[in-house]
Amino acid sequence: MKISIQVNEGPYQHQASDTAYQFAKAAIEKGHEIFRVFFYHDGVNNASRFTLPPQDDRNVINQWAELGIKNADGEPELVVCIAAALRRGMLDESEASKNDINGNNLHPAFRISGLGQLIEAGIKSDRLVVFGD
Amino acid sequence: MKISIQVNEGPYQHQASDTAYQFAKAAIEKGHEIFRVFFYHDGVNNASRFTLPPQDDRNVINQWAELGIKNADGEPELVVCIAAALRRGMLDESEASKNDINGNNLHPAFRISGLGQLIEAGIKSDRLVVFGD
Amino acid sequence: MATKKFMYLNRRSSFGTIYAIESLEVVLIAAAFEQDVSLAFIDDGVYQIVEGQNADGIGMKNFSKTFHALGDYDINKLYVSAESLEERGLSADDLMPLVYEDEDDDWAEKPSIKVVFNVELSKIMSEQDVCLSF
Amino acid sequence: MATKKFMYLNRRSSFGTIYAIESLEVVLIAAAFEQDVSLAFIDDGVYQIVEGQNADGIGMKNFSKTFHALGDYDINKLYVSAESLEERGLSADDLMPLVYEDEDDDWAEKPSIKVVFNVELSKIMSEQDVCLSF
Amino acid sequence: MLHIVNKSSFERNSLKSCLNTIDDTSVMLLIEDGVISAAKNTNAPMIADLAVQGRVYALQGDVEARGISSKLADNIKLVGYAGFVDLVVEHGTAVSWV
Amino acid sequence: MLHIVNKSSFERNSLKSCLNTIDDTSVMLLIEDGVISAAKNTNAPMIADLAVQGRVYALQGDVEARGISSKLADNIKLVGYAGFVDLVVEHGTAVSWV
């Protein structure tokens, strides 16, 4: 079955991203396809390559990255909402240079795109599950 | 009177940072001293220089920066908790280079320091007010 | 693309958190996809569409007027929990007069808001293909 | 520096949010400042010190054992709401046996946890100089 | 003391918990979604006693933002951010029921 | 449908709201702090009817993390993350009461 996931909260502060990851991992292990994970609201903060958790704790960002959720073209299907990302300081190279910001923090396993990707995930997936606060 | 503030949530997702800012501004206008604003938990995300809100919306980060809360040595007293910051991807130049990360996102009006700064704010201020979820 | 029934579930007030405004942003985008769209306002979500919100005093953007645009995008099924209104001392008269023009009825202006009891809401929810929660 | 009375107000359970663990991180740092430290566990905060938490199944760090270290840092006033426990079907026996050694009583081992009714908690709170909420 | 409540009593238990421990000399300030509890509604009786004693304040900007200015329960005192600062100064330790 | 509740019924109103709208054919899954509602406590009666009908599930990892394994109310069915996936697959549309 094709399953998509919406994550509404950032890493560590809430359990939402952890639960969503465990759910995605279990779905893949059972042979389902994770069509897309859409990070919305503070969920965009799950995509930061700057994240440095303590040595003895899990790295929520790397966990997502290691799931390697991609489409047929090899593009990441860990999608960060652009509107939510900009107002929270999550930038890829292109958005940074467009806005004259020196530096960027998007982890390469993620990509930034529009809200249409969430609707599309709802249309093209058999199920969409929301994780939040 | 000497007043300190603890902010537990990031910008935009919750009203906490907005209310804390309005409170701090009003206190300064009334002639009180804001001894320190301590950003803890997701509150550390208020210190990102990457934040790009829509044109017609307030810029929560710049609002804080423009209050210009500093100590007698001219150091910013907008203090970001280092432990909370690292696990959420908020880095200054020093932490970035220490951890071999290319880039950093701390706004120069803020500084990163330890949790002791929160306790010290509680000791040295007449009042400490917490804003959160 | 196939047409699916999408429900947007709104349970929080307008300004305490960003969920209300970012939910509305999704709904506006959703309009372009020509799906069947319903919005549900339950619990404190009913405050999102209360008339007379004024955010000047808190320095935030007042987005409540954007709800008036939904009718132009053929989004005209806004279900409001009767029980949630009543608990909060509110009635349908306290809500914004959101309307749409019905193309099947000579573009007559009709109300978009339908106040429904939980038992009806339950039935509407059970017909949805996708539920996005905010 | 002057000695002040600090209260740490804990009202959420251990793993749903980070407040519990980041509260504990502050408390451990606070110990170095030689202030008068009290912890209050109210509402779902009582679950933070329940015996037998095991976070292996959710892939998170089990920090509850860190509470045992508090006694060594002279943090030994952990007030637990009796009403909050009772609502949750819990009693003092369900909590971790947190203790400290009383230097004024020949280092006798004494319990750090005091189950108190809200009326007592109210009095303790009213004596505080600083209240940090998590 | 000053007790600060920032959540709707319909959504969370923080107002109830605050009322369980507030003492006879403390005042309460409702901010953010906490002001929803200051409107005439089925939860209004929770703070009625305290309000009659003149001990319940609500932040005016938050009241206006939520469209409930004309529906306030009796005896709620409105304050602006400057009034919020005064309450913090006058009432000693501030407790936030976040 | 599958209704997912992730908050404690002591802290928030989400379980109550879910129960207000859940229909006769849907099931409920308690996750994260939602599992607190699956323990024997003063809120347990809220889900007792649904549980008797075998329609209440709780995520085992979250139950163990909160130290309430030995205090579960009657008729709660424990599932792991794989069981969570099965519930999503089997019960159609998922509604999260976040």
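The letters A, B, C, D, E and F name the chains in turn, as written, and every chain counts its residues from 1.
Note that a contact is a pair of C-beta atoms (placed from the backbone, for glycine too) under 8 Å apart; a residue touches a chain by one contact, two chains touch by 3 or more.
Since we're looking at a predicted model, the values are computed, not measured.
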* Using only the C-alpha atoms, find the rotation that maps chain C onto chain D and quote its angle between 0 and 180 degrees, to the nearest 5. => 180
* Copies chain A and chain B touch; is their interface built from the same residue numbers (over half shared) or different ones? -> same
* Structure fact -> Cα centroid separation, chain D vs chain F, in Å, comes to 28
* CA centre of chain B versus CA centre of chain E: separation in Å? -> 26
* **Intercentroid distance (Cα basis), chain F paired with chain B, Å** => 38
* Structure fact -> Two or more other chains are touched by the chain E residues 6, 10-11, 13, 32-33, 61, 80, 93-94, 96, 98
* **chain A: positions in contact with at least two other chains** => 8, 12-13, 15, 19, 22, 41, 57, 83, 128, 130, 132-133
* Structure fact -> Note: chain D residues in touch with at least two other chains are 11, 15-16, 18, 43, 58-60, 129-131, 133-134
* Asked: Which chains touch which?
  -> A-B, A-C, A-D, A-F, B-C, B-D, B-E, C-E, C-F, D-E, D-F, E-F
* Once bound in the complex, which stretches of chain C touch chain B? -> 15-18, 58-61
* Structure fact -> Per the touch rule, the chain A residues reaching chain B in their complex are 10-13, 41-42, 45, 48-54, 57, 61, 83, 86-91, 95-96, 99, 101, 103-105, 133
* Which part of chain F faces chain E closely enough to touch in the complex? -> 10-13
* Structure fact -> Listed in rising order, chain C residues that touch chain E in their complex are 11-17, 43-44, 47, 50-60, 62, 86-90, 94
* Structure fact -> The answer for chain A against chain C in the complex is residues 6, 8, 40-41, 83-84, 114-116, 118-120, 122-124, 128, 130, 132
